[in-house]
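The structure under discussion appears below in the form of structure tokens.
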Amino acid sequence: MKADLAVRGGTVVTPGGAVRADVGIADGKIVAIGTDVRGKREIDASGRIVLPGAIDAHVHMELPVRGDRSSDDFLSGTIAAAHGGVTTIVDFSVGSPETRLPEEIEARLETAAKSVIDFTLHGEVVGWRPGSEREFAEAVGLGVRTFKFYTAYSRSGRMSDDGVLYAAFSAISRLGGTAMVHAENDAIINALTDGLARRGELAMESLPKARPAICEEEAIARVALIARRTGVRLRIAHISSADGLDAARAARFDGTRLIAETCPHYLLLDEGVYARVDAHLYAAMPPLRTPLDNAALWDGIEDGTIDMVVTDHCPFTRAQKRWTGSFLDLPYGLPGVETLLPLMYSAGVATGRITVERLAELVSSGPARALRIHPRKGAIAIGSDADLVIIDPEKEMVIAADALHMNCDFSPYAGMRVTGWPVVTISRGAVIVEDGKFVGTTGRGEFVPQG
Amino acid sequence: MKADLAVRGGTVVTPGGAVRADVGIADGKIVAIGTDVRGKREIDASGRIVLPGAIDAHVHMELPVRGDRSSDDFLSGTIAAAHGGVTTIVDFSVGSPETRLPEEIEARLETAAKSVIDFTLHGEVVGWRPGSEREFAEAVGLGVRTFKFYTAYSRSGRMSDDGVLYAAFSAISRLGGTAMVHAENDAIINALTDGLARRGELAMESLPKARPAICEEEAIARVALIARRTGVRLRIAHISSADGLDAARAARFDGTRLIAETCPHYLLLDEGVYARVDAHLYAAMPPLRTPLDNAALWDGIEDGTIDMVVTDHCPFTRAQKRWTGSFLDLPYGLPGVETLLPLMYSAGVATGRITVERLAELVSSGPARALRIHPRKGAIAIGSDADLVIIDPEKEMVIAADALHMNCDFSPYAGMRVTGWPVVTISRGAVIVEDGKFVGTTGRGEFVPQG
Amino acid sequence: MKADLAVRGGTVVTPGGAVRADVGIADGKIVAIGTDVRGKREIDASGRIVLPGAIDAHVHMELPVRGDRSSDDFLSGTIAAAHGGVTTIVDFSVGSPETRLPEEIEARLETAAKSVIDFTLHGEVVGWRPGSEREFAEAVGLGVRTFKFYTAYSRSGRMSDDGVLYAAFSAISRLGGTAMVHAENDAIINALTDGLARRGELAMESLPKARPAICEEEAIARVALIARRTGVRLRIAHISSADGLDAARAARFDGTRLIAETCPHYLLLDEGVYARVDAHLYAAMPPLRTPLDNAALWDGIEDGTIDMVVTDHCPFTRAQKRWTGSFLDLPYGLPGVETLLPLMYSAGVATGRITVERLAELVSSGPARALRIHPRKGAIAIGSDADLVIIDPEKEMVIAADALHMNCDFSPYAGMRVTGWPVVTISRGAVIVEDGKFVGTTGRGEFVPQG
Amino acid sequence: MKADLAVRGGTVVTPGGAVRADVGIADGKIVAIGTDVRGKREIDASGRIVLPGAIDAHVHMELPVRGDRSSDDFLSGTIAAAHGGVTTIVDFSVGSPETRLPEEIEARLETAAKSVIDFTLHGEVVGWRPGSEREFAEAVGLGVRTFKFYTAYSRSGRMSDDGVLYAAFSAISRLGGTAMVHAENDAIINALTDGLARRGELAMESLPKARPAICEEEAIARVALIARRTGVRLRIAHISSADGLDAARAARFDGTRLIAETCPHYLLLDEGVYARVDAHLYAAMPPLRTPLDNAALWDGIEDGTIDMVVTDHCPFTRAQKRWTGSFLDLPYGLPGVETLLPLMYSAGVATGRITVERLAELVSSGPARALRIHPRKGAIAIGSDADLVIIDPEKEMVIAADALHMNCDFSPYAGMRVTGWPVVTISRGAVIVEDGKFVGTTGRGEFVPQG
């Protein structure tokens, strides 16, 4: 048996554990895992780790925000992703009260067509009203089964109130879909923010006071109750706090079918950065929390409460994030898609906190299962798409924005020393990054329908 | 020692238990409890039960609703109360975004001045904004320490959102006050109601579908979390459902300082009445539930989860409740202040479900403690106000609206046979009801400051 | 009305709260509480606090232990109790595999006949076997309704295994009685003790290692489950640890009808004393715990988890507690009946931690209710036994064994400064302690049947 | 690449999901999974399901009981296992107070040497005393890391009391091992059994009364608390009841590292069989429960609470189980190793309750992980032992003892119609069952050390 491409001699992280094996690829699929697999082209992976390509299941490329856009488009963003070992991204359709969800999905698919890696979409639900349940069914027909809701952001019109959630969750439950929620209590945030504004306390150091952990805890508990009563599968986006994690854990114990996300910045950064002179660059929602919250989230990673790590990649350049004296004027979001895998490998695997198998769950098979695109994606298994990343576990790097490929002139992790770095990225059998260079082609990425 | 008035030979329900004793009264206070107490006037209570006067801690007299008013004013309503053995009512100031809470309290005190029994007020909070914390302090100065919030009724402008609750609870916590909440999820109710309206399903039989128990359960869980995190004492108004009761119980276990109310109609009536031709007369919020909910609430009464039974008295006549074909057009509320004690005695004590001491807790000392007016009110104890009701435990009655004194031409309990009826009511030492007649005077009621 | 005795002008702690009142007594009963009560004899209590006499609901007078006896007999012990404001004690029948419970109760009643204050008994269950359920019914006929079990002490033959508990709890549940349990895990204690013995670690400092808190926590959780499934009312003796208290709290939430005791030594002393040269004098079971456990138990007192404070009075003199080098050779128990009320008043009320009303619940009405002897005992109420203690809240004392009346030549609280001291004790209308002297008579105490 | 053996064209259940693939085997290991794998010998698996060989992780071959032995020895039992698609069994060393655990393991390994499939052992702990912790370390050196305790069976000397558990769990925790517990409350069982014996109620219909679910629930809660406090990983054997399952679920929520087993007979049979004339054949411990318990256990399988299904295979023939009129005289245990996979496939997969991937977890990868022999065992993955079973999903069978190969003349499932049956079994690359015939050799099975 001669494959098109063989990755030979690496430590291959299969669903059944890490094994020393060769991986054979033909027609973009994995066709062999074995001990003597040869290919027309062969890559020597000895001494290296072969992971299923990472899936960054929560990103925002060229996201329209207040007349501006997040600074990576689907081209620059997916090239950067590829450099970081990410072979699939999950972005969002752009919801609006004026348009229907199926149209929004189709429009976004066009925008995403220039991607260099595969992608799928969550359907963002904005301005939806009970009575429009059919939109979800049409979205499912388009291959989108996870629908994103916000319990916050009433002031920018993105919030869904509990009545919307109750109706929408019921409909999505009947379709076998997943409701994904940005869970923060809108009204408390608004009241606290207004109070800070009245008192002129709008420096970055006040940001945590505007969105304390109770906002996340309350909203998670609430949407979990609604999910439980409607029977829908619930995905909680970017859990940031110990209290939020506890609410998720308790909800699951009470019978909620709950999927939990967190992000590298909630694991590795804390509110201490808000005292820095460039604090405004770290503006994200929910805000960064305390070191105790970091530790609680790592516990959640170790004990299985957290199902996946995503980046919520939403970069804005220094120019876009210009500081005006008020955190209310900032665009929110951090660059991250390229550093997901190196950071989690270095802080998780290299330190001994988690195994390489658990890493694969957190950044690849976990998201794939949640999206119901497993085992096409997220697994080194026969018949799966040949999306692979080869990591050199010895390679040390110091994070620096100018060595990265995201269209962003800073990194929140700048100066952090990491151990382990992706050196080859393969997407559906094609080597797209090697020797530090992107060698793929624009638009080669395909939409992955959720099944 | 010769008292002004002695009630002799009855079974007296003191805080220490029911004892055979005489009660001596002078200057409106209880001055003696003993075995040979004589008075200038003496009432023979042998064979009868002497309870502390009932406190109906949740009533709405002459409540302005949509250009109309509930049909009892403070005169007719308190006369009816006196007939039913109630010696203190707790009404509400009438909140408005245009006026300040202290003014609202003062205005309501004027309206209430015609009362024939004592009264105190909860401060209704409507249209309040964070930043006006001082209003609570001023209200405390006026003797009002419990503040009423609605999580529902956004459409009539009465809802407080979670941001208001968080700020207000924090302020009330610092003042040592109590937050009282009508807890139902507004947005779910609105969405379900709109759905029913779209489908033309606005007959009374649809009312429970507009406000299912999850609305109560969710809101109780949410306000309890906010109360727990702000440290405030929380009173949940009129719990109507098993799920709501469970949420209250769980919140208390988690450390919430929680006081739980229910009402006779949630114990004795169920949604079956919505199939009746006069179903619209039973319009109340929350709606009546199922027999399983009745049973769960009785369990809550027996196991101590429920702290008090109140009536939420808010009568509207048949004319006012004229049926137009839609439950949205109705004024909501039921008459009840006069039947509180007889119903609870008959359904609770006469059936053996609860002791007469537990009855006294539920309708007298419980509310008094919650209001911090105990032991001035709510106790047959030395120094307490001489508010007494004498019950004839043998007297049987069939409830009929025209035999009652509330200004309402129907009773939700009409036709119900009860055992035990109040025969003498004494308010601050004055006999105000005897031989079935009111013998007190207009305006004799006094405001009771909460301490 | 002229009573036999009137206690005038004190702050009287009635079940309805503390009021300024006179208390009139005739024929050993309270016959009047009022503002102008006169008596043939009158005691001026102005500036003082009049409490219902304390009930020490867990004491061991002249308890046979290893051929010896605890050093107070029913005469010396009850005289000391009277000095400390205790007007009722609850001791235990002495169980044995050879004798039947009813006989044991009758024998113990004879021994107790010399008491100077009233008393009742718990029935100690030792050597009982399923099949002998009738013994409980006979005990109930004798006025004993609470039955004491040990989950520990298998080596002295006192342990009841879970099979006994299951059968006995079922029988007691049917009789409406209460199961009282010394809850510690026997087998873990034995294993740990044997380990310490093997290693020669039998100094007092090792005692906590022989009986860590998990022993209490596990046993409470276990007996609570058995109680819950059999429906019996469960009283947990002398809770000593935070973990044990948490187990009790959780059991109650799960529906167990649970009554919780603690003792002054678990509130006021900690394992630090085991480093003292006279550490062996502090030998008690369960052992003293840490300051964090003290704090948790005070929280349990404040939040209502703890229902009563008892002393587990079981004194042994220095001679009896002679130190041999091994904690295994000691008789266990501490003197305490005389200091119960002063310590709890001083550490609880004088410090502001609890109100005087809560004190009355913890040491008088709480135990009386648990025993079902309320309101005959445990209340200043009409018709109740005239058991009163008058406390001088200003009186300061330093605890010293030789100023106390227990037959014990040390006090674990020696040197502790207390504020507030009992100055007059009245038992069934008779003044038995005044001016620091006992003025009652031997054998005047009566057995109080539990009803 | 030409393998020794290729299984071609089947639906292969890999850890990453079921895929259509060929499996290549060389030197007893899986060396290739792919689309065009050829071998010297090839087996056509088209239309069939290729599972990792089942691991029956709880069996008792030739178990000495009361002078008798369970009727399968390691030869007959493993041949039967092979027929049923089981490629690894986990038996137990035979504990005794007279011998040391390492000796017991070595002796049992000799007995097991005749096995035709691979095997490993749990170390049965009987008569162990605190102080002998070194025995566990030696056992680990021999490749045994799971240690089996009984909380019941004090009368046959097999019980470990809580002191033993506390000491042993602490030691095993330090070694990174697993404590496995047969969890039933001994003393309650004994008391209830004695009561039944006294009353002469020893027919099979009384068996459930001797061992009600509270026995299992209590023991699980208790050992879980001890496990939690000692940090040990805990495996609960053969959960039989809804209450027991709830206790396991709650313990896990509280932080216990808990692995849960159940058995086919608790899923498929209920206490109704105890009314049959051959009821005694169904004697097992814990006893069969109710249909509600069956349903709760299936829920536990579906929601992930149950980690594995094992048989507790312990056959006795009709002659051995001769009925004497008392359930006390019976040997306990059921035959099952051969029917594990067909029953779970038929009742689980064929009915649609679970996926074939979940089946592989329950009977293969779950046990392998619990034993730390994964991925050597329990996975179709590169480098894993080539233990495979090929199931014909269309094959229908009616269970009948004489068509099975266990040395037992009845089956508890006789007459049950099943869909799906194992047709080829491969052990370390050798076909050992095909065409309904065993074609392996005695003693070819190897011991699998736990790592």
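All chains are identified by letter, namely A, B, C and D, in their written order; residue positions are counted from 1 within each chain.
Heads up, the rule we're going with is that contacts are C-beta pairs under 8 Å (C-beta built on N, C-alpha and C of every residue); 3 or more make two chains touch, one makes a residue touch a chain.
Please read all numbers here as calculations on a predicted model, not as lab measurements.
Common neighbours of chain A and chain B: there are none.
Residue-numbered contact pairs of A-B overlap by over half with those of C-D, the repeat interface among B-C, C-D or A-D. Computed centre separation for the pair chain B/chain C is 40 angstrom, with centres defined by C-alpha atoms. With each centre defined as the average position of its C-alpha atoms, the distance from chain B to chain D rounds to 61 Å. One finds 52 Å separating the Cα centroids of chain C and chain D.
Under the contact definition stated at the top, not a single residue of chain D touches 2 or more other chains. Shown are all chain pairs that touch, namely A-B, A-D, B-C, C-D. By the touch criterion given at the top, residues 130-131, 161-164, 166-167, 185-192, 194-195, 198, 214, 217-218, 221-222, 225-226, 229 of chain B touch chain A in their complex.
Residues of chain D touching chain A in their complex: 1, 12, 14-17, 19-21, 24, 26, 31-38, 249, 253, 365, 374-375, 379-384.
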